[in-house]
Amino acid sequence: MSTTPVPTDEAQRRAPDRPAAASGRQGTVERRSTLQKVGKTAMLGVILFWCLFPFFWLIMTSLKLGDRALNSPDLFQGPFGLDNYLAVFQLNFHLNLRNSAVVAGTTTILCVIIGSLAAYALARLPLRRKILLLSGVLAVSLFPPVALVPPLYEVWRALGLLNTYEGLYIPYIAFTLPLTIFILVTFFASIPKDLEEAARVDGASAFQAFYKVVLPLAAPGVFAAAIIIFVLSWNEFLLASTFAPRNPEIAQTVPVAIAGFTGAVPFQRPIGTITAACVVVTIPMIITALIFQKRIVAGLTAGGVKG
Amino acid sequence: MAGTVTEQDRRRPDAVPAGGSGPGKQQGLSERALAKVFIAPSVLTMAAVALFPVVYALVLSLYLYTRRQMIGFGGLQNYVTALTDSRFWDAVQFTFVFTVTSVVGEFLIGMGFALLMNQAFRGRGITRAAILVPWVIPTVIAAQMWFFMFNVTPGFINNLLGLGDYPWLGQSGSATAAIIFADVWKTAPFVALLLLAGLQTIPQDVYESGRVDGAGMFQRFFYITLPLLKPAILVALLFRTVDALRVFDLPRVMTQGAFGTESLSILVQEFIVRTPNPGYGSALSTLTFAVVLVVGMIFVSLLGRDLVIGEGD
Amino acid sequence: MGRRVGTAGSVVVLIVALIGCTPGGGTDEAGLVWAIGGAEAQPGGVHQAIAERWNELNPDTPVRLEVLPEDADGQREQQALELQAEGSGFDVIGMDVIWTGEYSENGWIDSLEDVRDQIEGQSLPGPFESATWGGELWGAPYNSNAGFLYYRTDLVDEPPTTWEELKEVGMAVAQENDMAPFVGQGARYEGFVVNFLEYFWGAGGDLYNEDQTEVLFGADDAAMTALDFMRTSLEDGFYAPGFNTAQEEEARTVFQEGDAVFMRNWPYAYSLIEEDEGSPANGNFDIAPLPTFTGEGTISALGGFNNAVSAFSNNKELAKEFVVWLSTDMEPQRMLGERGTPPSLAAVYEELEGDPVMERLGEVLPDARPRPPAPEWNQISSTMQRQLFPAYNGEADPQAAIDAVRDYLEGTIE
């Protein structure tokens, strides 16, 4: 891999922040830099348009008032106002936000904890038939979700888990564990064994080797997994609409609530409130993702990682 | 320098374990036991929640039903009916076409995004946030949104591109294309995220030595980045593939499965919820499960060797 | 760092576990739970207003609405989950008119034969028929719905009475004004079957004979007439672009934007177009009964809801009283009419004659036909969708499609 036996942590930390241009070859650097800059800016523009245009459509539509504006293909046809947002909160949407935050948050935390332990065992510790286990872990999450619902519903009903947070985050954890384990196994496996061995030689137990050496170095993977779990559980619809279909004051989550919005009259599709709710939901999610993103980078910069 | 870091760690008072285990048999035992302890909670949770519905469906699929009433034991009758129904094979065809096309698309675009996000430039934070936007929008909403955009009424995309009355969702071919486009738009960021995390564990000095040896940008990408990224790539491909094989929300909302866009999951849902036949529906879901499982296993065997046995040593 | 995350995590989990959630309000032992969905079940909707009126009249036995999703499929799913599990959470079920047979076959609802004489003769015949299955009454008709022909009064003088006439007039006018002649519900869903049946019945066709011992679909040329009409309409451009992906809302948008001369839709669109001052159709439209192929009379598909009593309710007697009240008492039915939801009680229509929509409904409803509320209706509808939809889109042979549907229907009466 590299010429030194153990890669320097500082070099690793430097990785994401260094621009790709090499040093020392002035002429080629300038030409390459300008071309690269132009190319990059163009790519950037395309990417931003691709990602944000539909979101822009969401925002514009959520601000539109009245049937005429909402059904028009013209983005800028008014009248505009915040009525849709008011309507959304009158439907107790803030309670849905609370429910989703609790369920997704709990799922993420528990899944990361349980998953990293399992991933470490699979990557490092002696365990028989690892491939079989990996396959089993994967197989779990492959069943068509819609077919899982009837039997799970019966059991949940019998156990009194309907309309509860536990009734949601327990299956969520079970179904996101495979992805978590897989992501973390790749990260743990990519950390050179020498570091842990050094720690063990110094007297650390296997658990401490995991805690103090491997986990911090796998931080990007852990945070990537965390974001993914959070977003997946937040957006999960099928189980949530079966186990907690109504009652925002109890456990109804955001996607179920949005799907339940109605217009003023039957058949009418309330695209105004739907898009408003969507915007309300997306902005905190983006902020959360941004924070986690920074952690991935910060986790590698000098001083952020011990050992 | 790494050595100094670990020494510093060693000298911190709380780093020294209370009961240090020495080398030899004792360490071996506690390691194995530790492994079992570490993996137990995951296995228990997954078995408890996910295993039993699979078994339940398997058992159910062996019985014959007329609507919701059971009329007898059928053995493999339901499976025979499913496998000889052209509707099943149409669904398989659409599902595979969709999967291959959208996963390839997501991978290429996701890789591009990841490489870009890995660079340093002004506005990087905003770009990273922007790239995640498609993915954080709930799927049902995104599906509604793309329906709105593609459908002739109100004809948003037609308006934008000046296509008049082109019936995107009203004919075979373009309906599939629209659904694939919507899926790629939505999940390329997920792939990008996985690949980005992988990119950021590649140490910079590897690129340095490559540059020193005279490797150009493309050579560095193909001979250094890609091989080191292989595990992350395989994980991303694995999960995107098994998810794409079970696509449901997008075709359901955008076309209701018309014009050849009925996926396997829509077919399953048809027989579990819309026109319920518990036996047949369970057989269909088991068949879908089998298909997805086989594909998944192929990936795991490609992946497993790398991950578990060594880091490409 | 690892340790801190670990402790933080456990603390959060603990807090969450403590907050937990208490499953909310248990069953109202003295009162009723009415499981119904849609826009009118929301706070401010007419179902809520009616429930409040009942509560005023019966303070000791209040009724509470359990608000189900907007779409019929979603409502059916949630009702099915509760009833299949034999739960007592719902006392009164708001059933779409096509679910009667299915729900009774599954043993989910109780027969209302003992209160039949209170309801029969009071409700309109179509809704009443939709609430019966196997000769027994299973639901109490509540609200109804029928399809209309919306047309532009500034472009068309007299609403046509046959489909051929409508096609001629529509194509001519549309060409002059750069519009589409007609829009309806042509996407592959239940609405398509409704539209198709309106053509089919309008051609004199019938699915089964009187006592359902024989399949009449495909035995005469009504099915082919209907299917051919749809197929050529799509080809010739009589149908607006996007017809084959349009549901109710898309059709309304096309007409409301002034892009269609005629529209087939439910009454709900009337008030929306009337209120939309920016619409070219605003002030320039009216509703008429749907045309037929024979030119005689009119036919439209029946929609709406019936209320049933859950077989697992703890309050069956009270529930029965409630559904009968909803169905036959002038007050709730009048409230429905005043709020724009077509009532099922015949007598109310005389009172509502000032309202153009209600007046028109009063004319049309006696001729509105229910889809057979057979237990296998979902399967039949699904078969019709899968066979007839590609046929009218030119992707399958019409005769083969009709034969396939006929075969399926014959399988249902064996």
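The first chain written gets the first letter, and so on, giving A, B and C; residue counts start at 1 in each chain.
Throughout what follows, contacts are C-beta pairs under 8 Å (C-beta built on N, C-alpha and C of every residue); 3 or more make two chains touch, one makes a residue touch a chain.
All values derive from a computational prediction rather than experimental measurement.
Trainee: Pull subunit C out of the set; how do the leftover chains group by touch?
Mentor: Once subunit C drops out of the picture, we keep one piece.
Trainee: What chain lies farthest away from subunit A once each centre is taken as the mean of the Cα atoms?
Mentor: When every chain centre is compared against subunit A, the largest gap points to C.
Trainee: Does A-C or B-C have the larger number of C-beta pairs in contact?
Mentor: A-C
Trainee: Compute the distance, rounded to whole Å, between the mean C-alpha positions of subunit A and subunit B.
Mentor: So the centroids are 13 Å from each other.
Trainee: Mind checking the centre-to-centre distance between subunit B and subunit C? Centres are C-alpha means, answer in whole Å.
Mentor: 38
Trainee: Could you pull out the residues of subunit C that touch at least 2 other chains?
Mentor: As it turns out, subunit C has residues touching two or more other chains at 253.
Trainee: Going by the contact rule already set, what residues in subunit B reach two or more other chains?
Mentor: Answer for subunit B, listing residues that touch two or more other chains: 154-155, 273.
Trainee: Residues of subunit A touching 2+ other chains?
Mentor: 71-72, 212, 259, 306
Trainee: Can you check the complex and tell me which residues of subunit C touch subunit A?
Mentor: 1-3, 6, 9, 12-13, 16, 19-24, 38-40, 42, 66-70, 74, 78, 81, 85, 87, 248-249, 252-253, 256-257, 266, 268, 271-272, 275-276, 278-279, 340-341
Trainee: Report the residues of subunit A in contact with subunit C in the complex, numbered from low to high.
Mentor: Against subunit C, the touching part of subunit A is residues 66-68, 71-72, 102, 105-106, 109-110, 112-113, 153-154, 157, 160, 162-166, 211-212, 215-216, 242, 245-247, 249-251, 259-269, 305-306.
Trainee: Any idea which subunit C residues touch subunit B in the complex?
Mentor: Residues 73, 77, 80, 84, 102, 105-106, 187-189, 241-242, 244-246, 250, 253-254, 375-376, 378-379, 382, 386, 389, 393, 395.
Trainee: Across the complex, what residues on subunit B touch subunit C?
Mentor: Going through subunit B, the ones touching subunit C are 67-69, 87, 151-155, 165, 167, 169-172, 255-259, 270, 273-276.
Trainee: Using the touch rule from the top, collect the residues of subunit A that touch subunit B in their complex.
Mentor: 1-4, 6-12, 14-20, 22, 40, 43-44, 47-48, 50-52, 54-55, 57-58, 71-74, 114-115, 117-118, 120-123, 125-127, 130-131, 133-135, 137-152, 155, 170-171, 173-175, 177-179, 181-183, 185-187, 189-190, 192, 195, 198-200, 202-208, 212, 220-221, 223-224, 227-228, 231, 234-235, 237, 254-255, 258-259, 271, 274-275, 278, 281-282, 285-286, 289-290, 293-294, 296-297, 300, 306-307
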